[in-house]
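The structure that follows is given in the form of structure tokens.
All chains are identified by letter, namely A, B, C and D, in their written order; residue positions are counted from 1 within each chain.
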Amino acid sequence: MTLKERLYDTIFGTDSRAGQTFDLLLIAAILCSVAVLLLNTVEPLHRQYGSLFFGIEWFFTVVFTLEFLTRLYCSPNRRAYLFSFYGIVDLLSILPTYLALMFPGAQQLLVIRLLRVLRIFRILKLLRYLADANLLFRTLAAARRKIVIFGFSVITVIVIFGSLMYVIEGPQSGFTSLPKSIYWAIVTITTVGYGDITPQTSLGQFVAALAMFTSYAIIAIPTGIFSAELIQESQRQRRPIQCSNCERGSHEQDSSYCRFCGAELPKPLE
Amino acid sequence: MTLKERLYDTIFGTDSRAGQTFDLLLIAAILCSVAVLLLNTVEPLHRQYGSLFFGIEWFFTVVFTLEFLTRLYCSPNRRAYLFSFYGIVDLLSILPTYLALMFPGAQQLLVIRLLRVLRIFRILKLLRYLADANLLFRTLAAARRKIVIFGFSVITVIVIFGSLMYVIEGPQSGFTSLPKSIYWAIVTITTVGYGDITPQTSLGQFVAALAMFTSYAIIAIPTGIFSAELIQESQRQRRPIQCSNCERGSHEQDSSYCRFCGAELPKPLE
Amino acid sequence: MTLKERLYDTIFGTDSRAGQTFDLLLIAAILCSVAVLLLNTVEPLHRQYGSLFFGIEWFFTVVFTLEFLTRLYCSPNRRAYLFSFYGIVDLLSILPTYLALMFPGAQQLLVIRLLRVLRIFRILKLLRYLADANLLFRTLAAARRKIVIFGFSVITVIVIFGSLMYVIEGPQSGFTSLPKSIYWAIVTITTVGYGDITPQTSLGQFVAALAMFTSYAIIAIPTGIFSAELIQESQRQRRPIQCSNCERGSHEQDSSYCRFCGAELPKPLE
Amino acid sequence: MTLKERLYDTIFGTDSRAGQTFDLLLIAAILCSVAVLLLNTVEPLHRQYGSLFFGIEWFFTVVFTLEFLTRLYCSPNRRAYLFSFYGIVDLLSILPTYLALMFPGAQQLLVIRLLRVLRIFRILKLLRYLADANLLFRTLAAARRKIVIFGFSVITVIVIFGSLMYVIEGPQSGFTSLPKSIYWAIVTITTVGYGDITPQTSLGQFVAALAMFTSYAIIAIPTGIFSAELIQESQRQRRPIQCSNCERGSHEQDSSYCRFCGAELPKPLE
């Protein structure tokens, strides 16, 4: 095993002990650098600890640059890594610090580094949570069509209530334009309810009340879709037996004969 | 196939290639005209691009007029189309622009054109999403009675909490009338919570807290109803067939042989 | 059938045609009188139509008084009616108008008349919605214990977050007392979020964020409880067959032998 | 049975009549002392009844001190009790009153006494609610992994929307720092929606609308997870037994005979 292969196993892999330790250390480093990034935007902290934060930022930039170069070095397919989602995020999260040397203010772009927290999902692999994550993903994929239909319906309801309120309330209550009215409808129907724009007339309050009742019916639907789909998906997981005659596979565990060709089925192994 | 029939297939149909292309183009045109409509109500944009928006509006009005006339021409039953929901919306969405020539201000009515976004549901037909849409509709229809009972209960709870707060808080906290108190109860129990009217006295805040706890119980009920109904409706879709040899019944719709005794199954009647 | 019996059938019954017509008329009258009550509390309407509303109020008071006296007359057990929930509401909803003759201001108590809308639940009987209403009630009754446990947990979480915020934020952010902090915790954890009291310090906002995450977990629990219970309750409805040997009843539809004593079961009638 | 054993049974046990009475009295005392604690922080009440509240506080402190000492006396393993969660809470809830004799202001710490309300969960044991509480706990434990995955996803979504809004809106709309923007994202995505920080620019309102739609999808997921898990957990409670004659397996736990062939079933192992 060459050094390159060993590096690849450590940096990209999750099976070996070294790979797991590396992933944990990397995530710790990402969380630290993100924490510094967050605190640096708080005005009083920036004034007091600005230069300390600046030092830590450079430290992590150098560390992440080394990590990026090692990844490039040991990757069997450099192009694929460079243009993958993580490759682009890795690169973009170190560039702003260097750019700021030439163009002051480029440091603002450092906010992109927040995207590195997505690496946290690698922990799932470490913790053997993959089966559950896959189940949730497959459920969302199976409910795909129902979610699209639901999305269309919600958008239609929102557009109708938004334009109704624009006509009823008008600019003096804050409904200054149709897009703003639709923004109000979204805030109301998702039950967020900021209260920055509220109906003032009696008719407006009546229509708003109707919109809120609709939001009730609406919130029940995605939850119901997801619950039903998740239950079915969990039941589908108990793998069915395959017929050795016609090779079709969707037989329940307690079947004795193939329901397509009538041949006897093999006993489930359990 | 006459020109009229071919036009009908293109404009009303969704099976032919031409029909699908027409539907996609129409929906794109509707979304464009709606976007212009929305942007035109934003004061600064209206001042700067008002005449451009005016031009686009006339362009889409002419396009939709031609579409409307062609629909009328090729429809086998003109009366039925004219008085159908979509026929009325199609007509009302072009009238305001013409009316504005005689009565300035009639353009305000153009807001009706937003209803044309409902045509977006035709995309469902194109994308073969109909089976899922039907399942959701049948579920809502099956849960019809439970939803009505739930609606009655919610209205009762809202009326009681609204009138309680009117008596407790009174006009100085914004509860100026019974309808306004009921509006407050709706805003609170649907968890929208604008904060434009809030209880000020200790007793009022205590009763409001009770109302919020109620809203908890309440929000669980429609979700539970819809979930349970959807799970049952999905299972009903595959009603089992019975074996005529061993008379056992739990066979799936696509089975040809009994999975217990191997005898041939009767065909499902559909 | 005496007049008294016929009156009883009409007023208290829901099976005869006369009884159904009476119920519908009564509910219409209640809704009308409630609408007048609501509108009369709106200041501008009260000033303009005050005397008209006063007349309508007296009209309905006389009608409801006659109804109350007839109910008393034809009821086979007057005491039971008089001290039943509906009997008390019926009496209390007519008293305030008479009291106002002697004590001006007693009319404020007319708000009690709103409770008469509860009679709307009698419509359920008319519309044969009773089976569904019973199912929902039995589900809530079956989930009783889980709801109590959930309630205890929520109250504990609310008390802890409320007192935490009282210590952290203090009076200058509106958390002037422990009860007020607990009121804030209720408003936040039920996701109502008025915004009348909000955390101002960084630590307070961090703890508030934790409280909101908790509210997520919390809102999933009653919904899940109700869904699961409703599904089980619906399945229990498909009545099982009874063994004619040992007279025990909980056999599934596809059973051939009693699972308690082994005797052959009767075929289900369907 | 010695006095010590009898004391232990009364104070720690829940099976004997004396133990149940003691628990109920203790919970009543805790609720009373908590109520006084709450009311004492309300400024006007404190000014008027301050000395009365002071007296009650000392009364309950003495009572709880006696309870604590008795628990210590009769506990078979004093160390274990002293360092258990309840032991620490019991001690901490009496200390502040004594400390206030030396250090005025230590009374503020009395807020810890609110944690004693956790003892209310002992009522569950009294009311035989344990089976249901265990079911809910096991469901949460079974859904553990899915909840962690969901938590990661929500945090990622919140970080991304928070930093997006920080870049778009900037300090003039209240998004003064990244942590504050993330606080806004939490308030919005959990649908609490205080309205203390709201987007002001059009682009900001558009992104906020996207965040709210996401919150819809998001709220459906924990509910779905919990519902599905609870349904499965309830069904698992009655695991079916298999017939040793016909080898079919779908028999309920309380069956004695196979419902297909009538043969005697093996006893469930528990």
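The rule we apply is simple: contacts are C-beta pairs under 8 Å (C-beta built on N, C-alpha and C of every residue); 3 or more make two chains touch, one makes a residue touch a chain.
In this text the structure is predicted, and so the values were computed from the model without any measurement.
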Taking a step as a move to a touching chain, how many steps at least join subunit B to subunit D? 1
Same residues or different residues where subunit B meets subunit C? The copies count as same if more than half of the interface numbers are shared. different
What is the distance, in whole Å, between the centres of subunit C and subunit D, each centre taken as the mean of its C-alpha atoms? 27
Where in subunit B do residues touch two or more of the other chains? 42, 179-180, 191-195, 202, 219, 223, 225, 227, 231
Edges wherever two chains touch, nodes for the chains themselves; is that graph a line, a ring, a star, complete, or other here? complete
Residues of subunit A that touch subunit B when the two form their complex: 145-146, 148-150, 152, 155-156, 159-160, 163, 166-167, 176-180, 182, 188, 191-195, 198, 202, 205-206, 208-209, 212-213, 215-217, 219-221, 223-225, 227-228, 231-232, 251-252, 254-262, 264
Applying the document's contact rule, which stretches of subunit C touch subunit B when the two form their complex? 34, 37-39, 41-43, 108, 111, 114-115, 117-118, 120-121, 123-124, 129, 132-133, 135-136, 139, 147, 151, 154, 179-180, 183, 186-187, 190-196, 219, 222-223, 225-227, 229-231, 234, 254
Complex interface listing, subunit B residues touching subunit D: 42, 191-195, 202, 223, 227
